[in-house]
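In what comes next, subunit A is part of two complexes: it sits with subunit B in the first one and with subunit C in the second one.
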Partner chain A sequence: MNRILGIALAALLAPTSAAATDAETAAPLTGRQIMDLVDERDDGDKSVQDMQMVLIDKRGGQRKRMLHSLRMDDGEDTRSIMFFVEPADVKDTGFLTYDYDDIDRDDDQWLFLPALKKTKRIASGDKSGSFMGSDFTYADMTDRNLDHYDYKLVKEMEVDGAAVWVVEAIPNTKKEIDETGYTRQLIFVRKDNHVVVRSKSWLKKGGRTKFFEVKKLEQIDGIWTPTEMHMKTKKGKKTLHKTVLRSQNVKYGQDMDEDTFSVRQLEKGL
Partner chain B sequence: MSDTPQPRKPLLRDRIERALERWGHTAYRRAGWVLAAALLTVAGLASQLPELGFDTSSEGFFAKDEPIRQDYDAFREQFGSDTQTLIVVRPGKVFDLDFLAKLREFHEALEDEVPLLVEVTSLINARETRGEGDELIVGELLDDWPTNQAELDEIERRVLANPLYVDQLVSRNGAVTTVVIESEVYSRVGVEEDLYAFDDEPTEESPEGSAFLTGEEVASIVGAVYDVSDRFRSPDFEIHVTGTLVMTDDMQREMRSDMAQFTGLAILLIAVFLAVLFRRVAGVLLPITTVVLSVIATIALMAIAGIPVTLTTQILPSFLLAVGVGGSVHILAIFYQARRRGESKEASVAFALGHSGLAVIMTSLTTAGGLFSFTAAELMPIAHFGYTAPLGVLVALALTLTVLPALIAVFPMRQEHARATNEPALTQKLVIQAGVFATHHPRSMVAVWGILIALALVGATNIRLSHSPYAWFPESHPTRIASDMVNEEMNGSLFIEFLVDSGRENGLHDPELLRALADIRERAAQTRSNEMYVGKTVSLVDVVEEIHQALNENQPAYRAVPNDPQLVAQELLLFENSGSDDLEKVVDSRFQVGRVTMKLPFLDAVNFPPIFDSLRAEVTDALGDQAQFTLTGLGVLAGETIVAVMHSMLRSYAIAIAVICPMLILLIGNLRLGLVAVIPNLAPIILALGVMGWTQMPLDSLTMLTGSIAIGLAVDDTIHFMHNFRRYYAESGDVDYAVRNTLATTGQALLFTSLVLSSGFFLYCFATMLLLHNFGLLTAFTILAAFLADILLAPALMSLFARRTVQSTPTVALETPS
Partner chain C sequence: MPAEPMRLLVPGIVAALLFALPAASDEYDDFEEGFGEDDDFSVELEEELGPADGEPEAPRWWDLDGSVAIGSSVNFLPHDSATGTNYTGLSRLRTRLNLELEVDLPYEWKLRVDPYIWYDFSYLINGRSRYTSQVLDEYEWEGDFQDSWVQGPLAENVDLKVGRQVVNWGRSDSLRVLDVLNPLDNRTPGRADIEDLRWAVGMAKLDWYIGSEWTVTAIAIPEIRVDTLPAFGNDFNPSPFPGFPGSKPNSFENWEAAAAITGIFEGWDVSVNFAYVFEDIPRLQRVAGTSDPCPEQGSFIEVYDRLTLAGAGANYIFGSWLLKAEGAWTGGFEFTCADGKKSRIDVMGGIEYYGFQDTTLVLEVSERHILGYDQVVFGFPTFERQDSVTYAFRYTADWLNARLSTTLLAIIFGWKAQDGAILRLQGNYAIRDGLVLTLGVLLFEEGDLPPLDQWGRNDQVFLDLKWSF
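For the complex of A and B:
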């Protein structure tokens, strides 16, 4: 499984096991080697959490959303189910997603609208769209194939007192650009635990850049888990929109199986 | 006030004239220093010329603090630009495999090559949300590329049935398709980024001072679009490019080439006139050098002050050449007279400055005063002209008084020979005879002018306003052809925006308000005013209806707003998740303010206000008390330009008259004669307005300049006429004698300056942009009318009123102690 920024978020959505341990490696690593370390990091499995999403517009106006999410990784495919808790008018709206390891296979997504009392399968290959109206995209939330990028270590520096590698990632296929919406990324990887703590992404559309930052990083059941993340969409020097994503009540290794991630469960609700 | 003599003024005048004479000696003796100082200053200023900006945008007509401009800038900040580049592609057939394949290549080439791109939209990536059985398909129209005719037919059916495509991406008859390019709103110039910086400031306030795209950036976008289009163009792939950016760029390019061309032509023209008048190399070279330096300095000052070249200020170089050369001519004429009397060069220069310097200063001041009246204009290009044109006139005055005498000093000249005869030239004879005729038949002459003025006033009530940027291009111009095609095939190309503010978060989840938006769409479709109509209305309700239909197995009956507000909220949440960012184009992220975009035909903006008023009434009615709205967009700016042209004209004419009349009275030193002298100055402007009314020449952002330009220039002639008339009248007490001698001495100079000026303006008839033609013709006419008023009407009025003045206060009023 290959992940870039997704790794940080994936951790939020589902983690299972033990800590990333590697201390700083002595020998200089290549960009790709660093990304392999990120990819190999244990980000947990069978997780449950409450997500608070604060959407902040350019005038500072805020909207809050609460979701309850479950996530399971069977080693190949990742399944997740999410329900809106707040605001009231979208309560119980649910999304069920199968993210296949086979990169040629589009994700499957089902949606349940309680007001319509119907489940619809959504067919869409585009991952560059907003995730739940936030500045995060589906591409930010899901895994990526490392082979579709050229990596280069461009800088070593400190972020909040921790040493990081800065790796530049350039997609090497047009399909990857079209699907993620990104033409280039700078990924800031902590040397001690291989968590992506920052990233800066250049969007294909509209001369925009996106700034991702892990604001709180905690060890939960020995797994490094970002519990507060910010994503800011900027154009030039102006912030267009910003999202604060907080994780609460994160638990790994919970009791769940394939039936938890079914349409029936989606319609049944929490 | 009585017509009593005012002895102090002539004394002051004397003192000034003597000072000017002394300055003539100084400038002559220190010619090297004067020239070096002047040249260094001009060269220093000229180094700033590359900073000169161009602004042909529609919003550039309004100052940034005007409410109408603030509304528009706020709208652009929220929703991005409404300035699109529109490419119309006309194939043999749109729904054809080969054509679509080529369209895809074209689309991708544009995506790859056009800078400052936000998005390219065409059939290739058109968003489509539809239901098929239990499945909701969110994607692009051509995600599954058609491989046979049956699949093509199915796509054609879906496209022509989708109101979001028809008139936007494809014409309703399916004959043409468009590629829409959305560009960035803000300039990237000066926005450098620190790669690794992560500033963590709170969410910023609105971007004060963010600069919109520069002329160079616009040119780079348009240039890239043209390059790609040229590569793909073929008989079965006909391409036409238009849109606001293209027009802006076309205007800039036409302006640049027109400016260069007219500056050259004006120099040539002035050289010819100077050669005829003086028949000497120095007589041509010295005034032209002086005035060219003035133009360079003025344009450089514009660049330094950050005043852009606009449709109005583009006339500055040729305008200043024609206007600025007058001073040099008057001084040189007297200089040569003195030389012919056998005076030395230095003595002749000093004499010429003493004799004509004051007149040159006064005429420059009145001209500048007339032009300065434009600063009161609401329209920025005209207000800018109000600052730069008087500045140019004053710079020309300064250089005429400094550089010209110094140039005379260093330029080798032969000894002048006294002319054998004083026989006046033919033109001079004609001018004199005209004046004499007028003094002999003053009442008939005044009556004739009275009738002309009355006719003009009647015509003036018929003046037609106009602001029609597309019509400024000749009919054969590619941009004009493309625009006409878009207007016709796509049901319009002018966009206006109603921003509907519900006043609360999620206000636009309310089915009532959404239905009001649908109601607005229906009402707009019914609204008509003359040739104006609404070709298309797009808003959030279209998105809601589309997704509601898709969630209900595509049944047409469900193309409606659901009744349940929770369902609206959930459907919109679904749409937010669907991979499309279309929502941010129609509603703000809090779902408080919605955008209703209407497309109308881009006709003359004089047609806009009535239909805007009707639409405002409909929207007010449809919304009731559910929401407030503001109306903005380029169309609104264009409509407002019309109103502003009218206001600006009235205001600037009033100011010009208020500034110039007292100056004229002061210069003449006599209230009654001063007031009388105002008449021949106003007459040409009234005639010009009459001509506009009778010939249906439109009053627009350039022709409105004519009046104040003409009054400033016409007054110059009057000052020269009155200055001499008073002198000769004081000598003789005989109007006939005074007029004859006045015209004998200054008549030719008046004729010369009038011819130079009117020919200078007449040159604009050769400009590419049509709005310059009318302006050139009208101003040329007005200046000739002013000349005629000065040799016909002024003498007639003098012979009527000067006599009475003389009878009431014998002789003293016009006496000038010498």
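For the complex of A and C:
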């Protein structure tokens, strides 16, 4: 797998194993080698979970979305399907994605709109848009190609008592900047389990920055799983909006196959 | 180095260093800045979730959802209907209740029942006596069932769905070529993408899934429903005379049928579609014995022609673009003053662009060509050109983290827009979860042909509030 995982939902949906680490190796690792470790994690397969997304505006107003999500590896590719459970006005809206490893292949995405009783195929070239109104983007949800970034280890420090590497990632193509909306990222990788626990991202537009933090990290079925993540968008020192993403009922190795990730299932719902 | 350039260079370097140092510091020195809770943005989450790896609650075997809505429209240009009713001012004050009951049945079967009822207070407020009985029948109140079906597997790769349902074959969001199985509620034209636009129809739909790519669909439709058109006396009905007698074909005595083969592949999909249906809009047929070959006014009855459709549709994506196409041949049309049956070719091409953040742009164009066209069809009462071109442009964008969404929809009739246009601009604002306020304006541009030649003053603003539970 020559990719890094998107830091947000992908981190949640594709958690890491608690396998042996290179934290104590004598030779210092390069930024690229650290991201290879992130990429090479055992990312648990055939997962199902309920997700709560809390959207918080600058006045403290909260909106909630509840989603039921399933995800499965298909070789190097990933299939996922999500259904809205709340709020009621978007309930049963479904979102099906075939996320291809090969960057030359456009992801396949379909949206089921229950109000219109219609499944729409949608294009996925631009991933910088907000995912369901949150501070996470579609780029945060999907895998990204390691080769499209230049990495540099800029610091070693502790976050919440855990040793981390801080890796700077700079996109090396304009296309990657255009598609993700990010011009630069600082990625905080825990040395013991290679989980991305923080990141700071600079947005192409508006002089904004985004701060991602894993607030809760649990081992489920032996797999390190971020179960509460925060993402906030700031301009200067002022926070504009914040999203809290929490998960529960996380299960791995569930009974599912490619039929689970089909337009047929999308239209049938949960 | 000469002294003068040196004098300029040294302060320049110092200045550059002074400006560069804070930037470097911002980049690498304070790795904690920005993380954690902000003093100005500390939020208490309103509830705690259960454990991440806990046992999920046992799913309920039934689910009841719904919505309550109130919506109003105000016509801001003074105008009367063709029957002389003044339609200026309040034209809609409708309260609506929708319920959606879903029940899990044994063997993975599911039952769904969606009843609704609405009442429009504007007729009471304006005075019911101002309106024709046809208008009051169609617009004052209504109660019915939309989606109401049972669905489940007959075999591992075969699903059956029986009951009132919507089957939307079209790739287009605004123009209809393949989307022929469900008639439209067109009592207020211009709201072409709003939910409940299509009438659910009683049918039995069998889907046979072959591998992961192909689906063969067979549909039998015993319930005959047709488009609901502006009633006599409404400001969208241009006729000063009541409709002609006639009725739609009886359900169960007359069946419709349809079939499709659909393939879904990486980056594209395709379908081939067939339908044997009744036309959704009535045709005027001269009563037997009328001698005038094509009277301006005469004895007519309304009939619904049997149509046969064979068509195909496809989607193709590349990057941020989605290309879509539909085409169909439809036979069995008759026109009031023309001899013999005619057929028609419909084609639609569209493109959607998703490359702008939180924005979608859609442009669709359709062409309708009548084969064996007779010039008399251009006159009363059909007013159809041999070639009819329609454009649809849609712009949708989300703002404020999807709290506000805006839509601009323009449907333009005629190659040079000579046949009129409908423009809708609206914004939906989520006041809180499940509570959405919609404000919009619907504008009509008069065209050369009926009925749009008389809709030019039907412009309206609308305000809706909907609470979903």
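Just so we're on the same page, the second predicted complex is superposed on the first by the 251 of 270 C-alpha atoms of A that agree within 3 Å, B and C clash if a C-alpha of one lies under 4 Å from a C-alpha of the other, contacts with A are read in each partner's own complex, and residues count from 1 in each chain.
Basically, a residue touches a chain if its C-beta (ideal position, glycine included) is under 8 Å from a C-beta of that chain, and two chains touch if they have at least 3 such contacts.
Just so it is clear, the structure is predicted and the values come from calculations on it, not from any experiment.
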Subunit B versus subunit C as contact partner of A:258, first or second or both or neither: second
First, second, both or neither for A:28, with subunit B first and subunit C second: neither
Touched partner set for A:161, first subunit B, second subunit C, both or neither: neither
Touched partner set for A:207, first subunit B, second subunit C, both or neither: first
Subunit B versus subunit C as contact partner of A:238, first or second or both or neither: both
First, second, both or neither for A:220, with subunit B first and subunit C second: second
Touching partner for A:75 - first (subunit B), second (subunit C), both, neither: neither
Touched partner set for A:57, first subunit B, second subunit C, both or neither: both
First (subunit B), second (subunit C), both or neither touched by A:135: second
Subunit B or subunit C, by number of subunit A residues touched: C
Subunit B and subunit C footprints on subunit A, overlapping residues: 55-58, 60-61, 63, 87, 89, 115-116, 118, 120-126, 128-130, 132-133, 155, 157, 166, 186, 198, 200, 205, 209, 211, 213, 238-239, 241-242
Contact set on subunit C toward subunit A in their complex: 28, 31, 34-36, 38, 40-41, 43, 45-46, 49-56, 65, 67, 110, 147, 151, 159, 165-168, 173, 193, 195, 198, 207, 209, 212, 215, 264, 266-267, 269, 315, 317-322, 352-359, 398, 400-403, 430, 432-434, 436, 466, 468-469
Subunit B to subunit A touching residues, read off their complex: 77, 80, 116-119, 131, 134-139, 143, 184, 186, 188, 191, 193, 195-196, 198, 200-207, 210, 505-506, 509, 551, 562, 564-567, 569-571, 573-574, 576-581, 588-590
Footprint of subunit C on subunit A - complex, ascending: 50, 52, 54-58, 60-64, 86-89, 91, 98, 100, 105-106, 108, 115-118, 120-126, 128-130, 132-135, 154-155, 157, 166, 181, 186, 188, 198, 200, 205, 209, 211, 213, 216, 218, 220-221, 225, 227, 232, 234, 238-239, 241-242, 244, 246-251, 258-259, 262-264, 268
In the complex, subunit A residues that touch subunit B: 55-61, 63, 84, 87, 89-90, 93, 95, 111, 113-116, 118-133, 138, 155, 157, 166, 186, 198, 200, 205-207, 209, 211, 213, 235-239, 241-242
